[in-house]
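My structure is below; once you've seen it, I'll send some questions.
Think of it as A, B and C in the order they're written, each chain with its own count starting at 1.
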Amino acid sequence: MSSPNLNLDKHNQVISSNLLIQADVLGQEESYMKVIVTRFLKHKLAVVGLVTFILIVLMALFAPIIAPHDPYEIGYEFEAKPSMEHPLGTDQIGRDVLSRLIYASRISLAVGIGAVTIYVIIGTILGAIAGYMGKWADMIIMRITDVFMSFPFLMVILVLVSVMGPNLFNIILVLGFLGWPPVARLVRGSVLSLKEMDYIKAGVALGYTAPRILVHHILPNALAPILVNATFGIAFAIITEASLSFLGMGVQPPTASWGNMLTEAQSLTVLAQQPWLWIPPGLFIILAVISINFMGDGLRDAVDPKSFK
Amino acid sequence: MFQYIIRRIAIAIPVLFGVTIFNFLIINLAPGNPVDMFINPNMSEADINARKEALGLNDPLWEQYASWMGNLLQGDFGYSFSTYEPVLNNIADRIGPTILLMGSALIIAYLIAIPIGILSATKQYSFTDYFATTFSFFGISIPNFFLGLGAIYIFAILLPIFPTGGMNTLGSSGGILDTLRHLILPAFVLGTAIAGSMVRYVRSSMLEVLGQDYLRTARAKGLHEFVVNNKHALRNALIPIITIIGLEIPLLIGGAVITEQIFQWPGLGQLTIQSIGSRDYPTLMALNFLAAITVLFSNLFTDIMYSVVDPRIKYN
Amino acid sequence: MIQESVKEKPPESEKQPLLQVKNLKQYYPIKKGILSRTVGNVKAVDGVSFDIFPGETLGLVGESGCGKSTTGRAIVRLENPTEGEIIFEGKNLADFSNVEMRNIRTDLQIIFQDPYSSLNPRKRIGDLLSEPLLFHKLVKPSEVKKKVADILEIVGLPSAYSNRYPHEFSGGQRQRIGIARALILNPKLIVCDEPVSALDVSIQAQVLNLLKDLQKEFNLTFLFIGHGLGAVKYISDRIAVMYLGNIVEIGKTEEIFKNSKHPYTRALLSAYPIPNPHLRNKEKIVIQGDIPSPSNPPSGCKFHTRCPFVQSKCKEEVPLLLGSNHSVACHYPLN
């Protein structure tokens, strides 16, 4: 059998490279990120969620500029009804409700982002170790995960925060150190399937160290589901902080949190006669949480490999 | 499959053991101890110590754990620090109302979620589907306590149909109808919160079944769409739907704590908040343990039900 | 026929083999029961021995599931062999620790079957190819770019492609990138694990020619694992035929094609179409039945359940791989 000339081969390459260059001119060189962004932007509710979320972030960042009054200043009429001066009235000890509402967004975002960052890091590390090492490491980590997941989340958080002392820092810590099991399971699953891929085997054959393969080769490919989980996680952390603060086991006054602004509504007089005190913070919680959840939903659809061509 | 069930139970045992250790540690390693509650400036150092000794707080940690575990195995949860009664008695008093509340909430959740989920799956991408998805998102996103406050404001204050809280009207002799009237609001609040996440399960479970070939066959045979959806599809989708009870239990327990607090419902959730307030550690430990056991068993139940129902599940 | 042990020196006695595989076994435990006891083994590779000499290509063929890919992966230690020796330049890789293995991997590379799953989708081609160089510190960081451009040129791709992602390439181009990646560390031995099976027939010849040219240019040694006899025949100097975890016949390519002695090899050849009717083998052997399970292989000669010439001895005694240039594991070799 005579071998076809290599030149012919190169000739073919030139043709196909011309085709590719043309494709570039047509703007078809898409990176993975671009595809995801495009698909995310097609999801209307997700875009609405994103815009709302950005507005909330801006509100938190520029709270001192936006807020009409100092949120801690006690110097106005007690329990004033909404007016031009105080659009949402004042609370029991005469602080401007609108200003407190604006400042409270900082608490919610700090808890959401802080706690999720902590637990995503813990969960990713543990899940990656369990999935990659397998054997006894996997056994132990997964059993610990089972133990953590056996406690009803809110219940154990309530107990932990109350024994550690209810404050912002502890809430972030507790949520961060308890929230990792689902992430660990997720990452473990991705690692288990990714490590059988040939491109990971190629990394082993090239002599890369296990940490390098995990960090540089496996995790970037496992990022999408983690990101989706983290987005929903932020929403969940915000709700949990609000619930804790509402029960008096969270952020303590005078610091304003959307949750603790609702605490007073447990009294029937406030509930019945001063709805401006408790309805706005409740609506703000819903707005923040639902906008993040819509973002998460859009992100989930955008990174879903099943809908990739 | 029998082997799978045995193995699943065998795995649950070390987890259960881990749960007791974790539970014990979080409460005992925390700063601040229950004696602080009893200390007043007039108490001498000796008095404080005597108190601690009496409560067993001076023993090494592992001994405290061993004695707690030993008692636990005999069904003894110790004495409440605040009421000085056996913890078990306090729990026994409160467990009935909680089961009543959770049970009704679960039924309400199913009654809401199953029709919405099925409609949304059979009419995927229709207006109904969007409505259902939005509903479920609001269900997940509205904090339980705000929903509760809103419900009281609207249905007890603006329109005084229902009582604002409690389980029976004060001073009245009670009776089933009275309790029922008090139950409706909290049960609906807890139920809708769970229905939100349930709708998504029902929808995806139904969608999966609808994509199966045997349903296409049923349609190809010329069966009416209603028969196909409700007789062939629903029956197969219902099994995973029912088993998701296991997944909803943790949410249900967390939600009950808040709902009971808002509606002054005299159940375990309210007891939890009260125990936290009074640093009643034996009661808290018992409550936390009880909750964990419930979750553990409901997970076990879910897994086993799945394996019974779906023979394709791999046993490893 | 002179019956000699395979361990005796082959004709290339002046040359030392680059790789000697001795009695390689790769078992996977089957776990069952509550305590996950091991109740048996899938014997994917069950005592395989062969030598590869510098500069040659040894073809390894067999039906899917015969253990040929597992053998290849075990040699580059993507699997941890259950038993046996993998002697590469005098050192037994089977005993190597991870760290020792890491250092020798620059000499030992693998090309994968599926060009779609063998390239990391999140990495540009340039990063894919420069990472091994930087990791093993083979060239100065300032020279990496040039080296990557060179290697792309060598495998027949424009160097401008280094900014692109794998999904922008066709299967054949991806396989060239896979080859470039294996080549960039300047290895001595490359395991080619069915490198053309996933490609269109028209592309297969291009890739095979590329491999042949590279072998000449860089004095490479190949273990070429193949499914299709055509590709294996085209590229191999010698061919080993595997059945159910064992080598049943090994010899020079022409020998195997013209003068095969094992009934299984004959059967494989019968299934391979020969364009010239004069060269067609007259006695076609068609085997029946499926390949038995490697967890419970037949006794004696593993092929006896499907062999048309089966005798009672075949069911009892395991045939040894005998013969010097052309070895065959059969009690009653054909002629």
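The working rule: a residue touches a chain if its C-beta (ideal position, glycine included) is under 8 Å from a C-beta of that chain, and two chains touch if they have at least 3 such contacts.
This structure is a prediction, so every number in the text was calculated from the model and none was measured.
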*Could you find the chain whose CA centre sits the greatest distance from that of subunit C?*
B
*asked:* Can you tell me which chain is nearest the middle of the complex, judged by mean CA position?
replied: A
_What's the distance between the Cα centroids of subunit A and subunit B, rounded to whole Å?_
25
*asked:* I'd like to verify one number: the distance from the centre of subunit B to the centre of subunit C, where each centre is the average of its C-alpha atoms, in whole angstrom.
replied: 57
*Inter-centroid spacing, subunit C versus subunit A (mean Cα positions, whole Å)*: 47
*asked:* So in the complex, the part of subunit A that touches subunit C is made up of which residues?
replied: 1, 3-4, 6, 9-10, 12-13, 16-17, 20, 29, 31-32, 197-209, 212, 216-217, 220-221
_Footprint of subunit A on subunit C - complex, ascending_ = 73, 76, 78, 101-103, 105-106, 108-110, 112-114, 117-122, 131-132, 135-136, 156-158, 161, 164-165, 168, 170, 173, 178, 181, 185, 205-206, 209-210, 212-213, 234
*For subunit A, which residues are in contact with subunit B within the complex?*
143-144, 146-156, 158-160, 162-165, 235, 239, 242-243, 246-247, 249, 259, 262, 265-266, 268, 271-272, 275, 278, 282, 285-286, 289-290, 293-294, 297
*Residues of subunit B that touch subunit A when the two form their complex*: 11, 14-15, 18-19, 22-23, 26-27, 30-32, 137-138, 140-146, 149-150, 152-153, 157, 164, 249-251, 253-255, 257-258, 261-262, 272-273, 276, 279, 284, 287-288, 291-292, 294-296, 299
